[in-house]
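There are two complexes below, and they share chain A, which is joined by chain B in the first and by chain C in the second.
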Partner chain A sequence: MRIKKNRGIEKKQARWGFLFVMPAMLFFSLFNFYPILNAFHTSFYNRKVLSRAKPSFVGLDNYVRLFDVTRAANPLSFYNSLKATIVFTLGTFIPLLVLSLILAVLISNLSSNRAKKFLQISYYTPAVLSSVVAASIWMIIFDPRGLGNQWLNALMRTPGVDRKWLVDPVMEQVSTMVIYFWKYIGYFVILFITGLASIPPTIYEAATIDGANKSQTFWRITLPLLKPTVVLVSVMAMLQCLKTFSTQYMLYTNGAPRAPINVITFNIYITGIQDQYLSRASAMSVVLFILMMLLTLLQFKTTKSENVDY
Partner chain B sequence: MQIRHENILGKIVTWAILLIMLLFTLTPIIFMISSSMMTSKQILRMPFNWIPEKFNWINFSKAIKGLDNNYIFLRNILNSLIVSTTVAITTVLLASLTGYGLAKFKFRGRDAVFMMIMGTMMIPFETIMIPLYMVVTMLHIQNSYVGLILPFLVSAFGIFQMRQYLTTFPTEFLDAARVDGMGEFGIYAKIVLPNCKPVIATLSILAFRSQWDNLLWPLLVSQSAKMKTIPQYISAFAEEKATDEGAMMAAALLASLPMFILFMSLTKYFIGGSSVYESRKG
Partner chain C sequence: MKKTLVVLLLTAMLLPLSLFAAGTKEAAVDESKPVTVNYWTHEDPARTKLETELIEQFMKENPNITVVRTTNPSSKQIEVVQTAFAAKQGPDMFNLPIEDQYAYISNGLVAPVDYQAAGYRNEQDLLDKYVDGVLDTVTVDGEVYGLPLELTNWAIYVNKRVFSSAGLDAERDYPKTWEQMADVSEKLVIRDGDILVRRGFDFRYPYYLEFFIPMVEQLGGDLLSADGSKAIIGDDAWIGALTFLQQWGPLGRNLGSPTYKNARSLFNQDNNDIAMTHSGLYQEARIKSDNPEFYESMEWMVIPFPVFENAVRNVAACYYGHFFMVNADSDPAVQKAAWKLAGFMLSHGEDYLTRGGSIIQPTKALFASDTLKNMPYSQVFIDDMARAHMIYYGENSASIQKHIRQAIESVMLSGVSPEKALATLRAAVQEIIDEQ
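So, the complex of A and B:
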């Protein structure tokens, strides 16, 4: 009799649990799983506009077109998008990673708690601004008569030189990297400070007793123990950079040339929404999805195997 | 003696690096604030004068009046507030409900459900925006709050956070409430939810921010001026008023005020909430 009653309670509990997770499952099915399957599906058809006409099956044509070598010469081809994305990602995430790690170590070693807090908040402030605001500020700084030229020329003692921040293809890429770096540096500094704080101080004490100096402590203790955070933050920064859109959009709508900053997300937007080539845009989305999924899986794998026990 | 020298030198180098970085992060913000009160001529003068000679009100009135003198700025900032607030609320409610269900109930397929939800973290919004756009056009909900909000009702990250937090919540409290005859939904609303305050704060800030900063989705679904959000306003304003830098900075400053105020009053949650998983989605 008692067992039966318990089982009844369990059943009731199970029903409630199921009920509680239902809304979210419904949401994810409709707004995550269905769209990603739909993207795969659409990428094999030649859907152009939102017309009622039934699109025909074209197999891998859209993908072949994306990776067609003969199209590589076109500055707006997917090839160049891929290149622009990789250049942007590497050029942004490497400085972000290295500098945020250095800054986090320097801040963590400060003795004054007030200075620590002040620096963290100040570095973080740009992250509070929206991407469009960040881009508008920097577009004025990068004006030929703006602060960008003034400062760089003062620093390099080359008065009156225009660096063509938003005109020259390479400088334009550098400009997007600077804007992105500026917005996210504080965020990554804080991630590393959190990671550093989780290393028990007793390990440092032991090292000091053993006569290790500061650089030895950093290379032999801090860095190896921080490895999980480093891996996590670097993959995260990479994923973040692969998704960049607003900065490039702002620069483009303000007259900067499109080709050097035609990153994949921006290309998807132009191809799918402006030019209404929905299938081509879907094929690009699938490529981006696979790229990001591989990175995420890599992250899971490395973080799992690299876990450190203190 | 040797060690002393090294220490002082190290300190100087440390502070030099930290201060250069401080200048780099803060000057553009100060630049925005002071140039919002200047004329274009003053902004692009060499060398730049950091303190405005006289407060140039006209920039702010231009920013608020907008391109067509129709004060659409106010409507657009209201839209952003409505969308961001709603998403923050639905995220908290749905994430806590789901997180509670996953943390405290045993049912068949629970782990599968959890894995599926975590799996959506691997689907970046940028890769599903085209199909979502097709769904929205089919449902005829372009240019509406529903269209702006629907794809962001809850985030997998939010559910993950809630679940982690609630796993440690003492089950005895829940059982005691059950013995007292409280209904399951009542337990969620009256016991679980009030006990999640720190996670709620972090999550709602996160959700609010990600929508406040969202440009891509509104670009797809809001074409009518009335339904545009503040990032769209800033981007259009910057495009049209490219030569009126003062007005552009005034608009940028006004659009940033809500976030600045939120940041200053809730700094702890902003910085503490920079959890490792934050940027996975959004």
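So, the complex of A and C:
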């Protein structure tokens, strides 16, 4: 009888819960699920943006074209985009994860609250800027006559050396990574600080009484207890990096070569919007979606741990 | 009797249909009903000022027509219009460079010109008023789909002060060939190590259809074969032009690069950082507006588009047009109003030239006018136009331009050999035209 009553309450609660979640679900379905399904559907046709002709069914042609090895030599091919995306993601995601954690620990350990707040705001400020504004600031820095060359040459005592920030393919990739890192580091620092704040101080006190030094405290207590936050941040940072677009767009429109920074999202934009091949762009976005999903699942699997209860 | 009855019955059935059809047509173009014309164009402060005045006057004369003029930055206008059309929310009237606009004609998205509404008696009257051949670009199957807002070609603007500071006399030493352009630029540049503090000349990246294709043509090459079926004609010419740009860039003589600030916008400031730049006649209005003192000093001049020393063809920079086009999906009354507006605005060609951003509307009247002839250096542009041709336009011209950009940047900035870059370019452009 009691079990029946409990189930009734659960059902009632579930119904309310469902009602509360409904608006978000509807929003998500309309603006996320529908475009995903639509892109998937479009990828099997030969639709062009401005064409009025009824798109014809082409099966897997768009996917075959993407992975056609004879096109691999073309610097603007999808293969090159995959490579550019992987290089950018690894070059940005790993430093973002590691350095945001280190900075968060350093800020959390500061004794002055004012200094803590100041640093939090300072690191977070670039995240508030739009990517276009951020890239514009960095365009001024990376101009051959800009601050990037001036500072580095003054520091390294190498007057007149052009670091070719936006010219050399490797430097161009580094430039996009620097811009992205600068923009998002603060956001992930804040997430880590929140995660650190949720670890009860009593655990640290117990560790101190037991004679643990700072390094032991970090490796044996902070890091294991921060694991859920680390997983969250790593997944978010990786997805953000895979979705990077505006930095590359801004650099390209300011004269930087496209091939080294032709990440998948940028290739989707050029193919779908500028070249008008909507179906090809849809196929690329489906591949990117699958790639993101697989990498996220892999991350969850490799970092799976039991929930931490204090 | 039976036959007569059938004929009568059929006539009775068809008569209302024909009346209905006529009635529909009549109702669709009811010119007195209130309509709103959404007109999207690219930003140009001088033109905005003039068109705001003209639109006010137009609305006074046509109280049932409301015009909403929206501007976008030039670079954004192309995408904004395309996205709007893809969503079936395109503007009623718009303009784009023809290389981006032609796809709207080939995809049936724009309506043919309504001659009467635009102020012409008929098609012939319209053709008679424009410079020969200009409207061929927008004529398909005998229908004209656009009216030219501007026709632009680029020559070379020269800052005489920069020449003097390098011990050169601009009037005498200005470059006539591309080889001279490189040599003169070498004398004009100021470097801090590898960094260019002052450039002699720099190209107008990335508008390669405008200036690079003519350079290839000068050496005997072509973008496409005469029948349009084969891409990249004349390998030696292409390699010659690509090698010239390779030598121009940071891996060669280091005279300029796409990553330096746009030369055209620096030119007006007269800050001793650029001596020569590509631009159209409209640049004169911009110099006047940005730096009146420099404009009045006449320490600037315009010279013709150079040719290579071993050129086999004397070709100047391609000219390109912005055309007013009208959305085929707009209500017929709105279409009529839009053509009326286009015709009205284009009847003020001299205003556009003198106070609307110095843009040339290619009417015979304007070309014969003293107003154009009296504009400083206008003859240079007119003469260059005579040895130029319309830019390559087609459904995928913008896409082809991107592949040309890739080829040029790979040789200029990434150290790829011109031969390899050309092979990649050929494959990409051939695929585009095959699909087209």
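One rule holds for everything that comes next: the second predicted complex is superposed on the first by the 263 of 310 C-alpha atoms of A that agree within 3 Å, B and C clash if a C-alpha of one lies under 4 Å from a C-alpha of the other, contacts with A are read in each partner's own complex, and residues count from 1 in each chain.
In the analysis below, a contact is a pair of C-beta atoms (placed from the backbone, for glycine too) under 8 Å apart; a residue touches a chain by one contact, two chains touch by 3 or more.
Keep in mind that what you see is a predicted model, and the values were worked out from it rather than measured.
Enquirer: Using the superposition on chain A, decide if chain B and chain C clash or fit.
Expert: clash
Enquirer: Please tell me which partner, chain B or chain C, touches more residues of chain A.
Expert: B
Enquirer: Just to be sure I read the superposition right, which of the two partners does A:P169 touch: chain B = first, chain C = second, or both, or neither?
Expert: second
Enquirer: By the touch definition at the top of the document, which applies to A:I273: first (chain B), second (chain C), both, or neither?
Expert: both
Enquirer: A:N254 contacts which: chain B (first), chain C (second), both, neither?
Expert: Both chain B and chain C are touched by A:N254.
Enquirer: Would you check which partner chain A:N74 touches, where first means chain B only, second means chain C only, and both and neither mean what they say?
Expert: The answer is second: A:N74 touches chain C but not chain B.
Enquirer: One more residue to check, A:Q240. First (chain B), second (chain C), both or neither?
Expert: first
Enquirer: Of the two partner chains, chain B (first) and chain C (second), which one does A:R145 touch, if any: first, second, both, or neither?
Expert: both
Enquirer: Answer with first, second, both or neither: which of chain B and chain C does A:S136 touch in the superposed model?
Expert: Touch status of A:S136: first partner only.
Enquirer: Looking at A:V49 after the superposition, I want to know if it touches chain B, chain C, both of them or none. Which is it: first, second, both, neither?
Expert: second
Enquirer: In the overlaid three-chain picture, which partner chain does A:I121 touch, first (chain B) or second (chain C), both, or neither?
Expert: first
Enquirer: For chain B, which of the listed stretches 218-226, 254-262 or 272-280 runs into chain C?
Expert: After superposing on chain A, the clashing stretch of chain B is 218-226.
Enquirer: Touching chain B in one complex and chain C in the other: list those residues of chain A.
Expert: 50, 143, 145, 253-255, 273
Enquirer: Of all residues in chain A, which touch chain C in the complex?
Expert: 49-52, 73-76, 142-145, 149, 159-162, 164-169, 253-260, 270, 273-276
Enquirer: Okay, in this complex, where on chain A does chain B touch?
Expert: Counting only chain A, the residues touching chain B are 10, 13-21, 23-25, 27-28, 31-36, 38-39, 42, 50, 99, 102-103, 106-107, 109-110, 119-126, 128-141, 143, 145-147, 150, 182, 185-187, 190-191, 194, 214, 229, 232-233, 236, 239-240, 242-243, 245-246, 249-250, 253-255, 264-265, 268-269, 272-273, 278, 281-282, 285-286, 288-289, 292-293, 296.
Enquirer: Enumerate the contact residues on chain B facing chain A in the complex.
Expert: Listed in rising order, the residues of chain B that touch chain A are 10, 14, 17-18, 21-22, 24-29, 31-32, 35, 43-48, 94-95, 97-98, 100-102, 104-108, 110, 113, 116-117, 120-135, 137, 150-151, 153-154, 156, 159, 184, 188, 212-213, 215-216, 219-220, 230-231, 234-235, 238-239, 242, 245, 248-249, 252, 255-256, 259-260, 263, 267, 270-271, 274, 276, 279-280.
Enquirer: Considering the complex alone, what residue numbers of chain C touch chain A?
Expert: Result: residues 75, 79, 82-83, 85-86, 103-104, 107-109, 191-197, 205-206, 250, 257-261, 396, 398-399, 402-403, 405-406, 409-410, 413-414, 424, 427-428 of chain C touch chain A.
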